[in-house]
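One structure below.
Labels A, B and C are assigned to the chains in the order they are written; within every chain, residues are numbered from 1.
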Amino acid sequence: MSLPPRRAVLPSIALLLLLAACSGGKKEAPPENASSVPNVPAYGDRIVEGSIGGISGFLSAVTSDSASHAAAGYVFNGLVRYDKDLKLEGVLAESWEVSPDGKRITFRLRRNVKWQDGAPFTSSDVMFTYQRMIDPNTPTAYGDAFKQVRRASAPDPFTFVAEYARPFAPALESWGMDILPKHLLEKYPDISKSPLNRKPVGTGPYRFVEWRAGEKVVFDANPDYFEGKPYITRVITRVIPDQATMFLELKSGGVDTMDLTPPQYARQTETAEFKKSFNRYKYTASGYTYLGFRLSHPFFRDKRVRQAIAYASDKKALIDGVLLGLGQEATGPYKPGTWACNPNVVKYPHDPARAKALLAEAGWKEKDKDGVLRKDGQTFEFTVLTNAGNEARAKTAAILQQNLAEVGIRMQIRTVEWAAFINQFIDKRDFEAVILGWSISPDPDQYVIWHSSMTGPKELNFVGFADPEVDKLLEEGRSTFDLEKRKKAYFRIQEILAEEQPYVFLFVPDALPVVQSRFHGIQPALAGISYNFNKWYVPKALQKHRIEP
Amino acid sequence: MLRYIVRRLAWAVPILVGISLISFLMIHMAPGGPISVGTDLNPKATAETRARLEAYYGLDQPLHVQYGRWLGRMATLDFGDSFSPDGRPVAEKIGERIPITLTINVLSMGLIFLVAIPIGIYSAVHQGSLFDRVSTVFVFTGFSIPTFWLALLLMILFGVKLGWLPISGIGSLEYHSLSMMGKIADRARHLLLPVLLTGFTGLAGMSRYMRSNMLEVIRQDYIASARAKGLPEGTVVFRHAMRNALLPVITILGLSVPDLLGGSVIFETIFAIPGMGQLFYQGVMSRDYPLIMGILTIGAFLTLLGNLLADVGYALADPRIRPE
Amino acid sequence: MSGSVGIRRNIARRLLRNRLTVAGGLVIVFFFLVAAFPALFTSQNPARIDVANILRPPSAAHPLGTDDLGRDVLARVVYGARVSMKVGFVAVGIAMAIGLVLGLLAGFHGGRVDMVLMRFVDIMLCFPTFFLILAAIAFLSPSIVIIMAVIGLTGWMGVARLVRAETLSLKERDFVAAARAQGAGTLRIVFRHILPNALAPILVAATLGVAGAILTESALSFLGIGVQPPTPSWGNILTVGKNYIEFAWWLSLFPGLAILVTVLGYNLLGEGIRDATDPRLKGR
């Protein structure tokens, strides 16, 4: 559920905002007829990705933005990662065992893995990584999962054991963190100041070549990569901060792949010409947008009011308006299609009549001269807060405003710049309602968002949700590795959340990446398209660039 | 004169300190801080982590201590390290962006001078003519048009439809494998649109200024007497009028000094130029205090320097004006 | 005495003779009307969302097309005029007010007061204006009120200097001495004698200031911290439109043209006033 998804954990589609600028602005010749080209993997060529934001460093432990984590993902590996079905699989760990009491995870590490400078990878690297994650000298935001480890040991060079005070299911996911090379970092007490943060050396599929801050990053394929040398020889990430410019670069051949916005997907890229040169993909993204209520607010304390607002919200209009139909309704905080998502919870179809009835039940019966509901001398008026500069959220707010006006609620919209927003909203809890989004990480543990103990300042249960049954289920869910037990707990949590509506869950958008058609091997799955990036290739006949190493 | 300069320089130090203090206070009054930006809304970061990070950056110290520390470092010209996760020295981050910003600004200033001065002079000499009116509309259009809109239109025309120029960026991906000439040509192609646009939007100020100066000078008595002497109009214009009208240009040069290092964040965003404008903007948005302070201080210093240069230059050029 | 009828008529004649100035003036008047009487120009509701008609090209029902939420672009540009004008005028009003007061104070009192105030101006000028605006809006909320206040609070320095210069030069003139001899109070001198003479450059600064404010608002919208949607402003319509500039050309063309023409009008008018009233430039 982290806002910046870690590359090691979830190959985020945001990473694949691809823009590229080729030499000159020449239009490229459309590729030969696809059917006449043999579909045989071949080495070579390069791919140019675009990124709105530049990176701030290559060590994921000390950076917090998705662009940096994406870049790190080319060079580093974690012990585990998520596969195409969003199930955990081993990377640097060949396999792992969880002890029956759930308190010990034993990782069997892969042998014959080399760091890109030739040194061998062993369990001492994992131990070193763990130690630095809990080290006060390391300015990392991701240390807390590692602090849960009661004892870590490396009995032999290819085994690593982590023992926890209590079974902690999300622990497995945390071992997707990039493993650091001990021999290159041990002499730096603060890894963020080490040269590796700018010139990374990892075990991953690509080697670092060059970083020009704010401009581009260049990687070349690692011929000794333990899963096999990647087909695409060179990866370049270019920083292009403007969406409009990015699209122009895509069309002129300057960029090979990017994420499209819904209007671009639905209206601008429908021509036959475009489809000849580019392949578009569409899959459910890992995030959702919601309207959150401050539950201590006098209006929103009453469940019927929240449910009424849920009925008043026209989710279909939201999806059509904000996403041009490219998305689906969110019924809870989980990604549709994943094992933890409960599809059978209470739904709130657009029903203004029902909404008005519920509001009347809650005491909101009379209206003032503008048609706004009144109760005990107060009008039903509130301000929804959201962050400035986010087009989708601004549109969501505008549509909801219209929806709520229909049932007699006046919603004002207030936008605040991001840093000030999180300060006001998270640190000080100074809001009535908020429109925001969460990214959904594959592990279903959402303790920090829903548990009643996480309501302190700067903690993430900012709506103030407190349900003893949910608390218990959250604790159950995270303290067992048994998938069935976890599923039961999380299913029940979703039922309660749907009933209580601490958020009105609005929608889950689709991710809309587009890739230049000469790249083959792309297979959309639950995890998106980049999970098998190392297996993408350009058939020999279609290769555009000869890369001299 | 020397005493004047020394006095101005002496004044500069307390002014700089004053500006830095005001900047410091302004920045810290802002809601949110660098730690929040990185860790709030991150489910993996607890309060303890945040406290650790705050201590790491010295943000847990009282304000006057933080300011004092910064001031002490500045006295040795140590700009400190950026608060952004890369933790690189502020001086380094600024230093790597200055060249491209400087290049674009110097080139566009050159363009402006080359184009605006003749336009201004000609418009003044032929006041009210068609040229005067057309050029007025032309330069003011440059000033009035939203730059990012024009930029995109030109990008579409020259980059996508005609394919003559690159769309964005400051160099091709193959830049480093090019020869010296190739590099220059490549850079030139990439900077052509940004420089042209920056120039176009800046024409108005300079040309109108030249025009009004020229108009004033033309009406002076010595011009009338030059004409009365029977001198050809060309000599009158070029030798006498222009030279005097150009004096204020020196002032402009001096006043443009601080702008040399400033970049338009909008421009740089649209053209994907990694320049000072973006650096500053991102610093503000992520509350990177040392970076913001560093850039503001440099800017203030350049402004003071530029003002001084302008005043001294003007005094040197015009003997009638001498400071006490 | 200043402001005699003859001089004024002269200025007016010179103004009107300059066709560009007149054109600028007409444009401004036109948009004034649009802002003041929106109902004359459109019958649609600029806030009405219509998800079935997103990004439709100009048609009979929507003469300027629809935007990314199906709202009528003509209506939004018309109501956006109101917002842009408001921002421009209030911001400049604030700047003028502050500049006038401080400039008069500095020029009239001279000495210590003058020195302190001018140092203050120097310090303010050392900050890049855009940063001040940006920082202030980022730190507070990008609401219309804040935007207006901030543009105003960062734009008064030029006027202050102008007014101070005028005050200083006029202070010593004979007619002021005469007025003082007659027992006129300070305020009277200011309003009757100093202000009318300083009027022209102030007017010029004001018109150019409004132009600048409108451009600044569109720049802020580009960065996401201008007038916030769903309130329409030319800047925020253009910003949304730029992402669809090729296929939904109407969404960027019309607000872009509106900004261009209006700002150009203000600039031409301001320049015209400057040309007509600058005593150094008595025309041929």
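Everything below uses one rule, namely that a contact is a pair of C-beta atoms (placed from the backbone, for glycine too) under 8 Å apart; a residue touches a chain by one contact, two chains touch by 3 or more.
The structure displayed is predicted, hence computed values, not measured ones.
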Across all chain pairs, which one has the most C-beta contacts? A-B
Centre to centre, using CA atoms, which chain is the farthest one from chain A? C
Based only on mean CA positions, could you tell me how far chain A sits from chain B in angstrom? 38
From the mean C-alpha coordinate of chain B to that of chain C, what's the distance rounded to whole Å? 23
How many angstrom lie between the centres of chain A and chain C, each centre taken as the mean Cα position? 44
Show the residues in chain C shared as contacts by 2 or more other chains, in ascending order. 138-139, 223, 242, 245-246
Touching two or more other chains - residues of chain B: 30-31, 152, 156, 269, 285
On chain A, where are the residues touching two or more other chains? 244, 417, 419-420
Touching residues on chain C, where the partner in the complex is chain B: 19-20, 119, 122-123, 125-128, 130-131, 134-135, 138-139, 211, 215, 218-219, 222-223, 235, 238, 242, 245-246, 252, 256, 259-260, 263-264, 267-268, 271, 274, 278, 280-284
Contacting residues of chain A [partner chain B, same complex]: 1-4, 20-27, 48, 54, 56-57, 62-65, 68, 136, 139-145, 192-193, 197-198, 212-216, 236, 238-242, 244-245, 248-249, 251-252, 254, 417-424, 426-427, 446, 448-449, 456, 458-460, 548
Please output the residues of chain B touching chain C within their complex, sorted ascending. 15, 18-19, 22-23, 26-27, 29-31, 127-128, 133, 136-137, 140-141, 143-146, 148-149, 152-153, 156, 204, 208, 212, 215-216, 219, 258, 262, 265-266, 269, 280-281, 284-285, 296, 299-300, 303-304, 307
How about chain B: which of its residues touch chain A in the complex? 30-33, 36-50, 52-53, 56, 84-88, 93, 96-97, 152, 155-156, 158-160, 162-170, 172-174, 177, 186, 189, 268-272, 274, 278-279, 285-287
Complex interface listing, chain A residues touching chain C: 243-244, 247, 261, 263-264, 267-268, 317, 320-321, 324, 388-391, 394-395, 397-399, 401-402, 413-417, 419-420
